[in-house]
Each structure stands twice: as structure tokens, then as C-alpha cells.
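Chain nomenclature is as follows: A, B, C, D and E, assigned in order of appearance, with residue numbering initiated at 1 for each chain independently.
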Amino acid sequence: MTETAPVITVSNLIKQFGRFAALRGVTAEFSAGKLYAILGDNGAGKTTLLRTLAGLNRPTSGQITILGAQKFGDICHQVGYMAHSSLLYDEMSGRENLDYFARLYGISESARCTQAIRAVGLDPDLRRPVGQYSQGMRQRMSLARALFNDPKILLLDEPFSNVDIHSATGMVHLLANIRDQGKTIFVVTHQASLLDGTADEFIWMEAGQIVARTLDLQQTARTT
Amino acid sequence: MPAPTGIMPATLRKDLRLEWRSKDAINSMLFFSLLVVVVFSFSFDPNAEESRRIAGGLIWVAFLFAAVVALNQTWAREIRNQVLDAYRVSPAPANSLFLAKAIGNFIFVSVLEALMTPLFVIFYQLRPLGPTWQLLIVAALGTWALVVNGTFFAAMSLRTRSREIMLPLLLFPISIPALLAMVQATANVLTGGGARVWIALLLSYDLVFTTACLLLFETVLNAE
Amino acid sequence: MNKAFPILGILTALLLSYALYQALDVAPTEQTMGDVQRIFYYHVPSAWTAFILFTVNFVASLVYLFRRNPASDIVALVSAEVGVVFCTIVLVTGPIWARPVWGIWWTWDMRLTSTLVLWLIYISYLVLRRFSSSGETPILAATLAIFGALCVPFVYFSIWFFRTQHPQPVIGGGGSIDPRMLHVLLINWLAFSCFALLICWSRYRLEELQREVEQAHALESLTQSPRSSR
Amino acid sequence: MPAPTGIMPATLRKDLRLEWRSKDAINSMLFFSLLVVVVFSFSFDPNAEESRRIAGGLIWVAFLFAAVVALNQTWAREIRNQVLDAYRVSPAPANSLFLAKAIGNFIFVSVLEALMTPLFVIFYQLRPLGPTWQLLIVAALGTWALVVNGTFFAAMSLRTRSREIMLPLLLFPISIPALLAMVQATANVLTGGGARVWIALLLSYDLVFTTACLLLFETVLNAE
Amino acid sequence: MTETAPVITVSNLIKQFGRFAALRGVTAEFSAGKLYAILGDNGAGKTTLLRTLAGLNRPTSGQITILGAQKFGDICHQVGYMAHSSLLYDEMSGRENLDYFARLYGISESARCTQAIRAVGLDPDLRRPVGQYSQGMRQRMSLARALFNDPKILLLDEPFSNVDIHSATGMVHLLANIRDQGKTIFVVTHQASLLDGTADEFIWMEAGQIVARTLDLQQTARTT
């Protein structure tokens, strides 16, 4: 395989919350068409890293280059972001939610939304408002929200939590497919074994730093 | 970047739909202003010429407070599942969100005004002696003045502790000139004078602050 | 800082005491109001100083929005704080003066009202800074400062129209001013401005140091052994 | 069952602490009351003899507004992470929660009243001609009347199922007698009359509705 | 092992949300001192079952007997419940939260709270408010909240989601210990493998019904 140019370059990223530094100098390059699994203990700074990549946190210092752009605003329509919270309106159905968000991305064919909902294994015709979904259904709808605009980069914060094992495996296949279309995917998760064999690289974080990058899960070159 | 056309209407439609489903804002506004009307009509025997003098103040104070309650409600919806983050990572311009919210709130408050004004007229036996059409202009301009700043400051107060109480703290001082203009204009028309000066003042207030809001809203929305 | 600051301090002290002497002793006694009028020499310079500081706040906020440099944020904060203090002095000396002269503490005269509104606006600015939970309070504050400044002309106009319909309260009519009074007034104003500058300066230093301390703490948590900091 | 003593005080203390956390709570309340009074003075152009008649109404409307803001805020806290569920599964009696909330709001609104009243007196140059001590009783009883029903209905509006019946049209008629009594009593005392009848009315209103709330709150809290 | 009397008996439990039946006739007995793992796809009704056992949902029809009582209120102090949401006040530290909830259970020794926080692997002296915890830290604090009153029955809804693998294993050990003290534990989870070897019984749910109960994970006697 030829070495592709990095799609994301992060150099010496520091993020402070008041007196507390959640990211303590993260430097890394990520290349296109790969699925990265980000692992690490609670409080290691995984969410903070993802939010900073998604332009939701402004770094205290350090540089981020995504798809050649320094400003997140220039490439935001090529990024999909899924968070712990659902980022959905509880009072509307999943379909209505996606239709609305599609408008924000300038997408008007509703086929894309239907497709995204199907892809995560939900029924596009479900009329129930999202507030009444079960936790895992909400999680999947949230993934659909991150997917529907066919982004080049996907940032997923614990997509498998609360999702049943079948669906989680389904999601992994889905992600693998998307990766094979040349997209770059970041998955923060505590269920690393789900991604064993699928992820191209495992990135181990600890106390705000990347402490190791390994090609497979067994080779846990952890320093602790 | 995708064409941002239609984002504002889509957001507005979404807001109206959510409000229609929950009726949070309109219920609390209605309740509050009903109480105000009744309380005042009890607290003094309205006799035509006196009540005419006082009604301008009464009506607008009631609407101002009702608007504060409504504004808090409509923004609360956006932070429930951190949906605002979904907006922030999307390519949709911040101003579309702002305009949609402002217009939505304008509609809510106008509906309230349309419902309440007849009650005021009945309870206080009002009959404008001046040109009535000017009252309509005053109402439209005045409501916009309240709502445009209110929307802006409500977005700002999302970022503060105890946000409910923050909104009036920020909004009231800056609204004082507009409020004064509305009250005076209304009183003048009711007691038989004209209100051209005040309308001009309101118009320029609206122009200046709408411009300022549109210029600065992006900064506020993207602050962490 | 180290050298200039004490010099400014001494200068201010001298100026203030000279101005006090001038105001209490040298300036002529006003005919109708008597000695109460001497509060004038505190009332008016405070008002002018406050206005200047609010202008500084506006400019600094604008600069901050464009440049995002911490220094102008600190200037904005400090000028608003000190400005509010001087504005409070106006709002306190005014009623003290009004009580014996007009017989009431407060009236909705144009100048009084607009000062009050100005004061309210800048208090809300400080409240926002205090209550913000955002990591980027300065940006929010700068925006509010600009709104506040935009509001000022409207306050003046609206109250002007409001009050032209009613007779002005007592003060009216005061055309020219005794040149000796003017002289004393200007000296007082100079003293007040120096005083304001002095406070702003030290407050600026304090704020700067405070931020340095925060920074040092964060740096410490950066270099600390990562495990224990969790 | 464990002794439920101390639950009410503990809850109250927790509420006050949360309120206090937003450190300068009192300062912001002081500022809030100042703003409300100033907004009123702009709208009503106080002059002594007229203002004394309407001051009763003005004051109570201002307090009503403050109460609405406070009530929304204190309950919002309880549903944020569904903490209310934690209360519901605990052996703590529902009424302890209700009383704590009501008392907390009572304290909050009373502090505001204590701050606002002097401002009203100064700005409107009020001087009660009747017995002042009666005003204190009216204030206490009236505030409790506002707060006890307000707390109850705010709780009701949280539970989605009961929201429909919480239509303002229902709450509204219930609150009118109390408001009427407060306003009339205040106006009477200010203009030189006594207010014994109204005090008696308020007292019985308070008794009846406190009892009703205590009896019914458990049902409301445990509605799904 | 002698067969112990069932601590929980559920017979023909049906729970409808409007037209949708989330539980469709659940009948089961559970005995003391066992750890039950409840497994099933998203939307199978696991959360609904747990909430119904915890008295938060009222069954549409059917009977529940817990610890010999028909009314949940009689035994609620012997039940610990942990939900998807944290059930904690974001503005208070973990310690302050537990101290408050302890009061609701009539517990005044704060040693119990310290112990519970230690048990889940957090630092009892952490002063940061819960709102600033990372997702996994919050989850553990939430478990501590369910544990501190030393309940006879523990209902845990996805306690391991968002928790890192070390801590999750730690939690499993903790639960095993508690079980060995004779407590009954229900764990809803999608990470069944974590409980392999620890859970006494696996309960498989599907579409609102219990479709199988197996003694170990491999023996997946699933009917689908």
C-alpha cells in the first residue's frame, strides 16, 4: 500500500479547562482511509480530543490541520460527529430530526436520510419521538445523524455503548465498509475487542497524551 | 460550501413544530400575562382617562416579562441533548439560526399580543384617540426590538451559571430605550397624540441592534 | 511599572489634596445653594472620568474582538470596573446634593436617568463576567460591551424626547459658570483622572498576575506525573 | 421505614447550596430587583397620589414575575439528569421534597421582596398611610400563596403526562383570589385603610391550598 | 445449594406506552443471593422491566412481589437503582451528592458514602463538580449512589457502558462480592462477556418477553 498524505495533522495540542489540562501535548498524523480506534481509561482525554478535532473546543495551544485546512469552518461539511449525548431533539421523530439536520448541510433529497436510518438498522417510518426511544435506538439514530451527509472524516464518541451485540457488530461492518470507501474514521470506545481485526490502528491515550499506537490489539505496548 | 438557502426557514419550521408539540413557551406566557391583566384591573378601578395613560406601560411590561419567559424556554430546547453542538459542527451559518430563533420568538410574542390586546381593551375600556394604525407599527417594531436583543442575550446566557435569571439581567438595561419608546408611543396614541418621533426612534433602534446581532452572533455561538 | 507607579501615586496624592483644598476653600461659595454646591467638584469630575473609562472599555472590547489579545481584555475589564465605581460616586453625590437643593432624592430627569441606565448597563457587563461558565468569557463580555456602547445614544435620545414634554426640574437656567469655579473644576478633574489611572494600573497588574498564576497551575498539571493528576 | 426526619431540611439545604454556588446569588438578585423596579418606573412615570393607588398591583406583579423565574429554575435542576427519579426510588416522602422546594422558593422570593421594597418606596415615594405591620403579614401570606401553588404546578408541568391539564386556564383561576387579596390589601394599607378582611382571606387561602398541595403532591410526583 | 424462597416474583407483567407494549407478559421468579444478567437487543424492554421493578413505571397489568411486599414504597430503602442517566446533581461534587442522598435514606454516617466512593474506585476528596467529570467517572459515581445504602436488591441499568475495561472488571469483582454477601443483583448490559463466569443466570429478553434463562453464556438457548 502506498503511504497516503495525512488527512489530519495534530501538533503539540494542549487543552486546558481552567487550571486543569485535559490534553497535554498531543502530536500525531492520521492518514486517509483508515479506521482508528482510540482507547484509554476514563478521563484520559479522548472526548476532549474528539471535540477539539470537531471544532467544538478551541485548543489552548497547538495546531490542527484537517483536510489541508486550518480552520474547521472550511471543511465542516466533510466531517461527521457523534457525541455521548444524542444531539437530537427529543420531541421529534428520528426521521424528522434527520430531515432537519439534512437541511443544515444543504441536502434536500430525503432518500439520503432514509438510507442512513436503514444503515444503522432502524425503521425510517417509526413515528415515535426520539425521547421515547430506548437508549440503544437513540444511540443508533445518533450514528445515523453523523453518517447521513457522507462525510470524509467520522468522529465517533463511544458509538457502541448501550448498543446490543448484534447491532454493534453490524455497526462495525458498516464502519469497515465506509472505511473501505476511503473515509477516515475515529472511534473512541471501551469495547476494543469489537474492533479487533477491523481497526487499522489502535491509539492508546493516557492522561491527555497519546502513549502508544499499535497495529493490533494484542500488541499492547502500553507503558504503564 | 453547500448553498445555505432554506436553512433559516427549516429551522423556523422546526421551532414552530416543537413549540406546537410541547406548547411550553406559549402556555407560560399566556398564564403570566393573563394574571397581569387581571391583577391590574383589580388594583385600580380603571376610569377612562387615567387608564389610558397607564395602559401603555402596563401592556408593554406584561409583554416584556412574557417574552423573557418564552425566550428562556425556546433556547432551553437547544441545549437539552446538546443539540446546539450539532448545529455548531454543521456548515449552516450561525445567522440562520439566529434569524430563525428571532422570527420564531417574534411569532410567539405576536400571537400572545394578539390574544392579549383584546383583553386589555375590554378590561380597561380603551379606545385610542390618536391614529390607530400607528399602534400596529409600534407593536411590530417594539416586539422586534424586544425579541432580537432577547434572542441574542438568551444565547449568551446559555453559557452562564443560573441562566434563567441571567437573561433579564442582560436584557433589561439595553432594552430600556426601546421600552420607553414603546410605552410612550402607545400612551401618546391612546391619549390622542401622534407617535412619529417614537416610531423613528424604534426603527433606528431595530436597525442598529439587528445589524449588531447579525454581526456578532457567530462569535457568541462559537464561543466554547 | 516599578518606578513610574510610586511617582504617579505621589503625584496623585498631591493633586488630590490640592484639589480638595481648592474645592473647599478657594472656590467661591455659590449664592443660592451655599456650601452644598461644593459637592459639584466631586460630582462632575467623577462623571467625566466615568464617561472616559466607559469609552476606553468600548475601544478595548472592539480591539479584543479583532485581535483576541489578552491585554485588551484586561483593559476592558479594568476600565469597566473602575468606571462603575466612579459612576457610583456620581449616583451617590447626586442625590446627596439633590436632597437639600430640590427637596427630593431622585427625579426622572434626563441626565439622572441616563446616568442610571449607563450604570445598569455596565453592572450587567460585570455580572456577565462573573457568572460566565464559558471558557471564553472575554468574547462574550466584549460583545456585551459593544451592545452597551451602542445603546448609549439611544438612551440619551429616548430620554430627551421623553422629558421634553414635561418641564425640566429645578436645575435649568444655569448658563455661564464663574471662571474660578471652572478652574477648580478642571483641577479636580485632573486629580480624579490621575486617581482613576492609578487604580486602573494596579488593578491591571493584579489581574495580569492572577492570570499568570492560573497559567502556572495549568503548566504544573502539564508537567506533573500524569497518573496522580486524575 | 427509616426516620424521615431531616429530609426536608437536607433538601432545603441542598437547594440553597446549589443556589448559592452561583456565588454572587444575592448580588444578582439585588441587581435583578433594581432592574425590575427601574423598568416599572420607566413604564409608569410615578407621581405620588396616583402611584400609591397602583403601587399595590405593581409590586405584586413584579414579585409574581420573580417567582415565575425562580420556580422554573429550581425544578429544572431536578430533571437535568433525571435526579427526580433518584428521589422517587428513595424512601423519602414526597411531601418533604415539596415543602423543601416551596420553602426554598419562599426564601428566594422573600429575599427579592426585601430588596425590592425599599427601591419601590424610594422610586415611587410611597409612605403607607395605614398600619405598616399589616403589610408584613400580607407580604408573608401572599408570598406563600404564590409560591405554594407555583411550586405545585411547576412540578406538574415537569411530568409530561400531566402537562395537558396544566393549561394556564386551570392554574389561572386558582391564583386569582390570592392575587386579588394581596393587591387589595396592599393598596388599602398604602392609602390608609386596614386590611384585616384580606388577611383573613389570604390566611384561609394559604391553609386550604397548602393542605391540598400536600395531599396531592405525592400523586403528581409519582405520575409517570 | 438449597433452593431459597424467591425475593422477587413477577407474574404476567404488561406495560404499555400508549399503543405500544414494551413488556408483554413477563413471568419470572428470582431468588436471593444471585447475580442476574439481563441481556437482549435494543428496545427489548430491559430498561422498562428494571424501571417497573424499581417502582418508577406503574405496570399496566400484572403483579410484582418484592421481598414479600406488593407495594414498592414499603421496601424501597432496600433497593438500589442505577439508570442510564447519572441521577446526580451536576453542580455538586460526588461526595456532596452522596451525602445528600444518604439523608434521603435516613443515613447520617458519612463513612458509608466515603466507603461507597472508594469501592467504585474514585477519590472521595475530589472537589470537582460532577458536571465536569468524564463520562466514565460519572458512571462510577452513579454506581456508588446505588450502592451506598447497602441495598438487598440492586437494579443496574448498563453500569459498564462508557467505563474503561480495567474499571469494568473491577466493578464486576465488586458486584460478585456484594452478591456473595447474599444480595440479589440485576445487571442489564450489552457486554455480557464481562459477566461470563460471574453471573449466576443469564436472562434473555426479546420484544418485551423473557425468552430464555440460561446458566452460562455459551449455552445460548435463544429461540431466534
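Simple rule for what comes next: a residue touches a chain if its C-beta (ideal position, glycine included) is under 8 Å from a C-beta of that chain, and two chains touch if they have at least 3 such contacts.
Quantities reported herein were computed from a predicted structural model and do not represent experimental measurements.
Colleague: Taking touch as defined above, what minimum step count separates chain B and chain C?
Modeller: Step count on the best path from chain B to chain C: 1.
Colleague: Walk from chain A over to chain B along touching chains and report the minimum step count.
Modeller: Steps on the shortest route: 1.
Colleague: Comparing A-C against D-E, which pair counts more contacting C-beta pairs?
Modeller: Looking at contacts between chains, D-E has the larger number.
Colleague: Compare the CA centroid of chain D with every other chain's and tell me the farthest one.
Modeller: A
Colleague: Of all the other chains, whose mean CA position lies farthest from chain B?
Modeller: Result for max centroid distance from chain B is chain E.
Colleague: Any idea what the CA-fit rotation angle from chain B to chain D is, to the nearest 5 degrees?
Modeller: Here the rotation carrying chain B onto chain D measures out at 175 degrees.
Colleague: Could you please state the distance in Å, as a whole number, between where the Cα atoms of chain A are centred and where those of chain D are centred?
Modeller: 47
Colleague: Just how far, in Å, is the C-alpha centre of chain E from the one of chain A?
Modeller: One centre to the other, that is 29 Å.
Colleague: I'd like to verify one number: the distance from the centre of chain C to the centre of chain E, where each centre is the average of its C-alpha atoms, in whole angstrom.
Modeller: About 59 Å, centre to centre.
Colleague: Any chance you could list the residues of chain D touching two or more other chains?
Modeller: In chain D, 21-22, 28, 31, 35, 38, 45 touch at least two other chains.
Colleague: Among the residues of chain C, pick out those that touch two or more other chains and give their numbers.
Modeller: 117, 120, 123-124, 127, 131, 135-136
Colleague: Where in chain A do residues touch two or more of the other chains?
Modeller: Correct list: 17, 43, 57-58.
Colleague: When you check every pair of chains, which ones turn out to touch?
Modeller: A-B, A-C, A-E, B-C, B-D, C-D, D-E
Colleague: Note which residues of chain B are touching chain C in the complex, please.
Modeller: 149, 152, 156, 159-162, 166, 169-170, 172-174, 176-178, 180-181, 184, 197-198, 201, 204-205, 208-209, 212, 216, 219-220, 223-224
Colleague: Which residues, counting only chain B, touch chain A once they are in their complex?
Modeller: Against chain A, chain B makes touches at 1-7, 10-11, 14, 17-18, 21-22, 77, 80-83, 85-92, 224.
Colleague: Could you list, by residue number, the parts of chain C that touch chain A in their complex?
Modeller: It is residues 135-136, 214, 217-218, 221-222, 226-227, 229-230 of chain C that touch chain A.
Colleague: Residues of chain C touching chain B in their complex?
Modeller: So the residues of chain C in touch with chain B come to 65, 117, 120-121, 123-124, 127-128, 131-136, 139-140, 143-144, 146-148, 150-151, 154-155, 157-159, 161-162.
Colleague: Flag every residue of chain E that touches chain D in the complex, lowest number first.
Modeller: 54-58, 73-74, 76-77, 79, 81, 83, 85-92, 96, 100-101, 103-108, 145
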